[in-house]
Amino acid sequence: MGDLIQLIVSGIATGAIYALAALGFTLLWQAAGVINFSQGEFVMLPAFAILLFIALGAPLWLAFLLACVAAMLVLGIGFKWVIVDPLIRHGVIPLVIATLGLSIGLKSTLKAGYSAEAHPFPSPFPGGQFSIADVNISYADIGTLVVAGFVVISLQLFLNRTVTGRAMQAVAQNTDAAKVLGIDVKRMVLYTFLINAVLAAVAALLVTPTYLAKFDMGDAIGQKAFFAAIIGGFNQTRGALLGGVLIGVLENLVGFYVSPAYKEGVALILFLVVIVFRPEGLLGRAEERKV
Amino acid sequence: MNRTRTFGLVAALIAFAVLPNFLKSYGVYLMTLFCVYLMAIFGLNLTVGYAGQMSLGQAAFLGIGAYQAAIFLKLGWPIFIVLPVAGIVCFIVGLILGFPALRVQHHYLAFATLGFNILVYLVMRNEEKVTGGTFGIPGIPRPSLFGYSLDGALPFFYFTFLSVVVLALFLWWLLRSPWGRAFAALRDNPMRATSLGINITAYTLLAFAIGAACAGVGGVYYAALVQFIEPAPFHFSASLTMLLAVIVGGSGRFFGPVLGTIIVVLLPEWLRFMQNWYLAVFGFAVVALMIWLPGGLLSIPERLRWKGAAK
Amino acid sequence: MKRNAFLLTTMFAAAFAAPAYAQPKPIPIIGLMELSGTGATAGTNFDNGVKLAVKEINAGGGILGRKIEYTSMDTQSNPGVAKALAQKAVDLGAYVVMGPVFSGSFIVSMAETKRAEIPNFTGGEAANITQQGNPFVFRTSFTQSTAMPKLAKYIDDTVKAKSVAMIWVNNDFGKGGRDTMAKALEERGIKVAADISTDPGQVDFSGAVLKAKQSGADALFVYTNEEESARALRELKKQGYDRPIIGETTLTGQKVIELAGDAANGAVAHVGLTADAPQPAIKAFDQKFQSEYKYRSDHNGMKGYSGMYVVKAITEKIGKVDSKAFATAMHGARISAKDAPGVLLDVSFDQNGDLDRESFLVKVENGKQVVTAILPPVSAK
């Protein structure tokens, strides 16, 4: 029993990180129709930005805040202006290809220009663990859960309780109607890109201590985020959360009770099943085919 | 115009056929590898360029063909049986995979193929009894043709080269058949095509399955060329490279894959001095291409003509 | 015309080769190295080791008066590429081929060098490399079948563990090591309490570590590549693992210690070569390597370096640059570090191309490898 609880807790912690990246992924899709295949690199770059600021003498918290700002500028505004805006009118596929190219470009630039090896990354949480009954839980898992939970809840509150947040949701649901209502659609879409950048930076802070900073660290998290988003429901914010946590927990359980060799396959099989039987995702609503 | 084009094509084919005689074994190996990838990428162009679908799993079909060939060639099966088996198996798998995905929404095929590729990769790596696991399958024999051994680098190159030409001719014929013409109609005006009674889903599915079969056939040549297979070349990232090859060359253009394959297979060899920067430049070049030239490199002449006409 | 050209060449040759009558042709040696991909750490180190040795040898007049011309090519840690590059090395007329370092690549590429009858050195440790009767392969390190029994003995005699949990990486290297180790443990009556496979490039070790913990084994054996070792060590610390953590070579490598930070402290490993060994030849190497590359060499750097000096020693022994004669002379050769300090430790080669020499037991203390024991060569017992 202790094993099971421990596996679930650490699974939720890992899943929460997937969920952060997946959340940004669905937000971008809803607001701008962007399927971002370079989401993993959007997590990798802030990790290296944090290392850079630390090397320049900043403490971890300051380095993280600076990395957030940098991410908003480059991965938020820059990404939107340089890549999304010119391409969005061509439809989904050219943009998907462009983000695939971007992913290769960013990874390889870092590899060629800086380093092909892994680099250590400081943990924001203390090491060690505490025990309740026979369940051992590490401080790092608790810390991850608290931070990720805080970010997700604030985001939900922002989206549901503020005027700007509601306007963003209106844009996500129906761009034309939002325009008629007098909402500044362009500005709302820009906000979405900024939020995505910050979510990626938070994910970087939480995931890099265990993943280690490496040019291809985004592959794993990008893929998980992608699966999580589709499993949960591509067009629902809550779906990304459910998908992320579900993958995190199931991976741990399968890795422990079934076979570690097929741990990676869990997300995949769930993903294929969802595509076949419930293509709109577990929590998603069916989308009409746009002709 | 048309005559110069035909002449150019024949000249290019002859040059390509003669060139390996002046190369050492590594050069011949690379040119053969080029032909192998060209088969898979020709097939992918059918899916991406003509049916307008994203497929991120071409490497999985290449892998299925290769593993199947490795196992059967080692059992001593003749190449004339191994080749069609690879094609048919991949064709059927393509149908099974494509049907549920295409039923739903257009970009779901991309998702399904991506997932499929990763799953196939996991199976290759973990099912050691069948696939050799991470140790792979070594010592794959080169086939022989009518008792003539293709063991040498040059004979095998010519065999592969001829095969890719035959495959290209087949696809050329296919696209000019009534069935293929329906595609042009589909691509240019889906609404009108539907109203004319063209079943979009059925055509798209067939295109995808034939594309998969091409990769399966390519896989047979891959296994016989390298004579050793393991999971790595069939990783999802290889599918990505093949997809980008189609797009960069010019998707939906018959010779787009040729240019694309040159760029992803041969060019890195000539630009070896760039080392890791090659991929970096390639990645950003794809982004730039999408922004300024979404039709791929082969659309340049058209673009120029169009600009000239606009003046 | 032809004569003029000849004259010109002679003049040039005479101008450049002051002491000799003509500059002899350099000896081409090719390196097939994992300079990118999962093997980048190992390949880069091996390559740097070879380059350092080549630089020293050339500065000292080369081999038999001929300079070495060393070219390294990147296999991208991909066996298919390695095989193709081996063909290229043959085309370029290599005297000896160094690498690839990874066993999986080597198994494939060695067919090419065998066909061309060119001696081929590897850094790989998989047992099956030298079990295929290829007379042209030679190791620069122990095979797993030499190393694992030494380690099993340590687990039995010193740690006194009755059961062991194993975390290994599911590639040719890890699987081969796991199989040999399982056998070695079984022979000593030690139980394998948990058998945990992990993926190459795996980032999340929480499940693996938890499984090891829950197995209740007396000790943990970790056998993965560098980065994964570091991730595993970090996770072990995170979950508060308190039993002995034992590994083979990679677990206590420089890169692992750098990446794992204080999580590496306390880890124990058997190492064929370590820059921390007390021998004067190794100390000298350590300093030269550090001043050349500004970092400390791991065992792979030492493999490349000593391997190159083996090439020099044997070539000088046979007195000519002849690939086939070289291969013949290698079998049964003994090279003493006293005569050829570049080989670092006394070394001998058997009929299969396997090598034998002393090895070390090291422990990580305060972020540093410390040698705790020197184990004698197998043949010396």
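In order of appearance the chains are A, B and C, and numbering begins at 1 in each one.
Everything below uses one rule, namely that a residue touches a chain if its C-beta (ideal position, glycine included) is under 8 Å from a C-beta of that chain, and two chains touch if they have at least 3 such contacts.
Note that the structure is predicted; figures quoted are calculated from it, not measured.
K.L.:
Taking each chain's centre as the mean of its C-alpha atoms, give the chain farthest from chain B.
P.N.:
C
K.L.:
Across all chain pairs, which one has the most C-beta contacts?
P.N.:
Greatest number of C-beta pairs in contact occurs for A-B.
K.L.:
Taking the mean of the C-alpha atoms as each chain's centre, how many Å separate chain A from chain B?
P.N.:
Once rounded, the distance between the two centres reads 32 Å.
K.L.:
Between chain A and chain C, what's the gap in Å when you average each chain's C-alpha atoms?
P.N.:
39
K.L.:
Residues of chain A that touch two or more other chains: which are they?
P.N.:
111, 116, 261, 264 - these are the residues of chain A that touch more than one other chain.
K.L.:
Enumerate the residues of chain C that touch no fewer than two other chains.
P.N.:
36, 170
K.L.:
Where in chain B do residues touch two or more of the other chains?
P.N.:
In chain B, residues 125-126, 275-276 touch at least two other chains, as defined above.
K.L.:
Quick one: which bits of chain A touch chain C in the complex? Just the residue numbers, please.
P.N.:
Counting only chain A, the residues touching chain C are 3, 6-7, 10, 14, 111, 116-120, 127-129, 136, 138, 140, 209-212, 214, 216-217, 220, 251-252, 255-256, 260-261, 263-264.
K.L.:
Where on chain C is chain B touching in the complex?
P.N.:
36, 74, 78-80, 83-85, 87-88, 90-91, 104, 107-108, 111, 170-172, 175, 200
K.L.:
Provide the residue numbers of chain A that touch chain B in the complex, in ascending order.
P.N.:
Touching chain B from chain A are residues 35, 83, 86-87, 90, 92-98, 100-109, 111-113, 116, 223, 226-227, 230, 261-262, 264-265, 268-269, 271-272, 275-276, 279, 287, 289, 291.
K.L.:
Touching residues of chain C toward chain A in the complex: what are they?
P.N.:
36, 40-41, 170, 196-199, 201, 203-208, 210-211, 214, 227, 230-231, 234-235, 237-240, 255, 258-261, 263
K.L.:
In their shared complex, at which residues does chain B touch chain C?
P.N.:
Against chain C, chain B makes touches at 24-26, 29-30, 33, 125-126, 133-136, 138, 226-228, 230, 232-233, 275-276.
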